[in-house]
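You will see two complexes here that share subunit A, one where it goes with subunit B and one where it goes with subunit C.
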Partner chain A sequence: MPGDEGWFDRFVNGLQESDVFKRLASLVLVPFWAWRMPVKPLPGGPRPSTQPGDNLQCMMNLIMPLKIKSPIGRAEAAKAIAENKDAIFAGLNNVGTVHFARFVIVGDNICMFSVYDGDFTNYIRDFIATIGGVFNAVVELAEGGEKVIPCECHVEAFIEWVRARDLYQVPDTITDFLRDQEALNGDKAIPGNDDLSLLPRKLILQLRANANVSLGSGYRAYPGFSVAQVRKRLGIGW
Partner chain B sequence: MSAVFKFADVQGNIVRGYRHKPRVRHLVLEIIDRIAARRWLAACASGGDDVPRITTGDWREVEPVTCFNIGLTYEGLRALGTPDSSLETFPIEFVEGMNARALKLGDVGESAPETWPAPFNDPKRIHIVATIYAHKIAQLNQVQHQALADGKALRLLGAPPDGCSFPHDLVHFGYRDNITQPRLEGVHEADRYADGQPRAPLGTVLLGYPTNFEGLMWRVPKLLGHNGTFNAFRVLKQDVAGFEAYLDTAAQDLLNQATVAELLPLGADAVGRGLSSHAALREVVAANMCGRWRRNGTPLALSPDTPNPSPAVHLTDFDYVGDSRCPYGAHIRRCNPRGGHIVQRVANNSRRLVRRGVPYGPPYDRAQHRDPNQAEPERGLLGNFIGASLGAQFEAMSCDWLNLGLQDPRITGSNDPIVGANDSLTGWFDLPLKSGKTIRLRGFPRFVQTRGGAYTFLPSLEAIRFLGSLKN
Partner chain C sequence: MADSSEARRLVDAIIANLPDPTPGLRPVHTIGVGVDGYFMASDVARTYCIAEHFKGQRIKVSVRFSNGIGSPFQHDGWGDVRGMATRFHLPDGTATDLIATTLGEFFVRNVEDFFEFAKVAKLEPYGRRSPWLKIWDMLQLKLPPPRDPYPNETENVNAGALRYANGHRFAQLGVVQAAVIGAPVSYARASYHAVHTFIVTDPNGVRRPVRFSWQPVAGVRNTDTKVVPRDKYLREELEDRLQRWPARFMLMMTIGEAGDALDDPTQPWPAMRNRVVMGTLTLIKVAEDQAADGERISFNPCRLSPGIEASGDPILKARKGAYEVSREMRGGCPFRWS
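Moving on, here comes the complex of A and B:
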């Protein structure tokens, strides 16, 4: 109860607002909490749903740290994409389930962001079957990528590798990430009231385990339509 | 990797339908003693007197009197003490098991694994699913007794109801099953089976061979994988009374539609001599749901207006090209779009499965008088869906094609009319008309409910002997 707070409560609650404390907490307190209360990284990808319409326009946010962390590494990545531009366009057409796909370099990471329809595994597998060579050219430059290429010969391992690098999508309702934590830990107890004053610690630890995340699962101006449905309505063939 | 294929190394149920053995029993088993279980496996593979011999694809001259095959779950492989170096190379969907993959398979609501009865409510204990095929129940009992005789290796957790084939390959709902299976390169002679579809590469059903995706190979689990394959075993309860009642309702609703005549362009008599419009429309709806007319299996792709075309049409020599009047959402077209135009152009012919299904429960007789206070006996199908990659075939088909309709924009957002996870509030199905228009059936309910199942690995005979010889 706010009315019951004494001066000490007010002092402690006020601490988190101070810059000195925030810096100190980042260095000492967060690693200590993480040691006391280990938090598993949450898996990436869209939230599973049984409503057919929810499984359209899914977002993939793939972050792959480059092996060579310098302008040379970044230039290699830029070159690999440019060299494969035609194959990428042809591949997108043949796979048929991709709305948009982008390659972005952020820091020393090559990122692939896409919006696709249906099941993630099928999407990646169809891509391997269509333009596996492009994946090979990109993944070769990424940390740990050498273990899963050529992707045509390591289909299952490649798909798992990609899934492991797809960002966790923090639910639109922020307390729902607690449900994800509980599910991951196999915790079947009925959740109590989610005390928002406790939220920061759990959220901080989760963002320590999942350093990069997608906030929400993306905004859609026309949800529930597949690529082929859009193309059909536009009369451009599918 | 060897390209040489030996029938004797492959379990018989992968390459043969055992169609002369109408009765089937699936024993769900737990390994209680690792050493005894290994001995049991070794004996089953080589054929001792005191255990049933595993039926291989090579029968020599004489068909065995009874057939016996086994599938192992991931927990079963672990229970046998399979080396980690091998376990680590099994695909994730098999490791996780069917219960954990429920969302991908549409096993939600009344089909959710949490609602499955024993023994399927405790998947960690399911280690082996052994299947017996025979003519008579006494033979099933005898083989079961023989399989469990030593009492030390295995514990029977339970068995779903026995399956028993109906005459003429009919199954519940009145459809004809077993019309077509993938014909395999190097196994089936091309000219023996008229079929509009290309022969399936051996890698469709066996690990270690080329797949339908050019240049792609599935990972062959170390030590055990070669000549093995995976099986999705499913106990699928069918609401036959609900299905027949729905046909009544749908036909009645259609009679009130202005365009109803388009559904019977040759008249009700063409659907069945002496049928009323209502009775004929019931058959039209049922045929459109499946893509084949009930009873005789005539495909709508070749005969959209009558189940008895003259001249007769081939049952499986067709493709969905041009303006086929088989609905895009019909069950057989969803499961296997053949060479038809689909969204995922690389996926044509890539998700085919060998299906071994046998009905359980008594046939439903619509004419029979019923006591409304008495519950209907349970009816359904014991289904085995066999393919070298559960992920690329069974699951891919289930999630994107059966329960999303991703392959064609005209059905996207709907579920398969027969096996899909339909919801009677939101489900729909479109009946195509000759004019190109459609009539949408709304409030389409769910007719098939999953009551159990397991992902199993069907090892080669060599792999079974290897498991039998493990020491540690």
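Moving on, here comes the complex of A and C:
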């Protein structure tokens, strides 16, 4: 209990909270355990579901590393978005299933975060059909982008390209994250030999494999409603 | 009424695992405080449920907040599940109860699971882990290692619960949540979840599966786990808080969909389900007669008014009988069912 420990207890308790240990563990222990117990990256995008509510207000967190990792590369990305604002807005209106969408530069990545209704592949398909030209201007600035432009001519390849850069969405419950790991590893074993005390290490190693993730399914003020329902109920037409 | 022999065995299984079984007291959620208040349904509540307390009039309520541990010794500051049992006193003299806890999901699916859990999760000695073992934990990236015991804590069920969860994946979420649940700074600063699915009927006869949660208007806040926990502060904090200002909770109702776990309290529903604000609970004062309103008052999760039904959840059904058996054993106040 706090307050009656010996000096060694206090030292160890303090050590586990210390930045020194965390930095040292990041340099030594994490690579060691990653070598001992390799962890595959978990795939991005929404998890498959046939339930109606799970296909509304889905998230896309698309992270595209820029080819030119400097202010020049970032400025090119900002310019590409700014020059095509009308095209982007008109295109998103035409897609019709997008609640919110925005472009963000984080570090040397151009990111598109959006909330949409329906199937992921259909969303991307509609998206490039309506603003594919604009997206080409952005994608050509990203690493590996040259392989999939013009995206309207490489639809399936482009969908896969986006999926590979869409962040893994960590489930709302920590134990569902374990189920994702088991599914990825093809774990068909009858449960009975789990070790929940290893949960912290599993999470650390997964976040090493998936350095960027979306945490949980996120907050929604009006979950379960589509773009069309919201606009209809608000009386703002289509 | 549920099978009384099964109900009795359930209560006995709980009592058999108590650190300090005390006849005449609740076997779990022993320490609690009764509070007076009222509930006002939201404008939309009546369109989802025809139950009397959702029609919009002011409904008197009695609430009992509690610590989950089954012991007459008060340990407010320990990490523990907290309870919030609410009785809605309906205008016709009947009542309906809503029993919720800070645990989002339960750890067993049915009565059979519960008996097995009770066998595995026995009280075991709990002491400070050797610093050398903590270092070993840290080298294995088990961060943070198991916590040190609280003051005067010599035994708990943590090790057994972990063993059970390691062998039963359905239990893992509830057990992990319970392990990190902490202690609220106030009973009025925690979210409480009714865990089970209920079926509500709207004015058109449409029946919907739903789950209820109370969300504190004051926000959720736990105590600092690095500080030595205090044993007694929750009741005093609530008295002080309510003397200054009422405490409020929003009643949120999440509507399930086909395919959601309707009869399994170990399974959460996806966060993307539609949720409706059903009303606001306003707590005015700590009840003056704590013997009646804090101790003898007896709740039951299946005391439901027309418009709300229990789902097929076997744990919910079992609680109906177990709560009655427990009430009779401790001499709790009976309350007419309809």
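Note that the second predicted complex is superposed on the first by the 214 of 238 C-alpha atoms of A that agree within 3 Å, B and C clash if a C-alpha of one lies under 4 Å from a C-alpha of the other, contacts with A are read in each partner's own complex, and residues count from 1 in each chain.
The definition used in the following text is that a residue touches a chain if its C-beta (ideal position, glycine included) is under 8 Å from a C-beta of that chain, and two chains touch if they have at least 3 such contacts.
Just so it is clear, the model here is predicted, and its values are computed rather than measured.
Once the two complexes are laid over each other on the shared chain, residue contacts for A:Q206 go to neither subunit B nor subunit C.
In the superposition on chain A, contact is made by A:L56 with both subunit B and subunit C. Number of subunit A residues touched is higher for C, counting subunit B against subunit C.
Of the two partner chains, subunit C is the only one that A:L29 touches; subunit B does not reach it. In the superposed pair of complexes, A:I128 makes contact with subunit B only, with no contact to subunit C. By the document's definition of touching, both partners, subunit B and subunit C, reach A:G224.
When the two complexes are overlaid on their common chain A, residue A:Q181 makes contact with neither subunit B nor subunit C. On subunit A, the surface touched by subunit B in one complex and the surface touched by subunit C in the other have residues 49-50, 52-53, 56, 224 in common. Residues 105, 128, 131, 134-135, 138-145, 148-151, 153, 162, 165-169, 172-173, 175-176, 226-228, 255, 257-260, 268, 270-275 of subunit C are the ones touching subunit A in the complex. On subunit A, the positions that touch subunit C within their shared complex are 1-3, 5, 8-9, 11-13, 15-17, 21, 25, 29-30, 33, 49-54, 56-57, 172-176, 178-179, 191-201, 204-205, 216-218, 220, 223-225. Partner subunit A is touched in their complex by these residues of subunit B: 91-92, 103-104, 106, 108, 213-219, 342-347, 350, 391-392, 395-396, 399-400, 403-406, 408-410, 412-415, 421.
Across the interface of their complex, subunit B is touched by residues 48-50, 52-53, 55-56, 94-97, 117-119, 121-122, 125-126, 128-130, 132, 152-157, 160, 224, 226-229, 231-232, 238 of subunit A.
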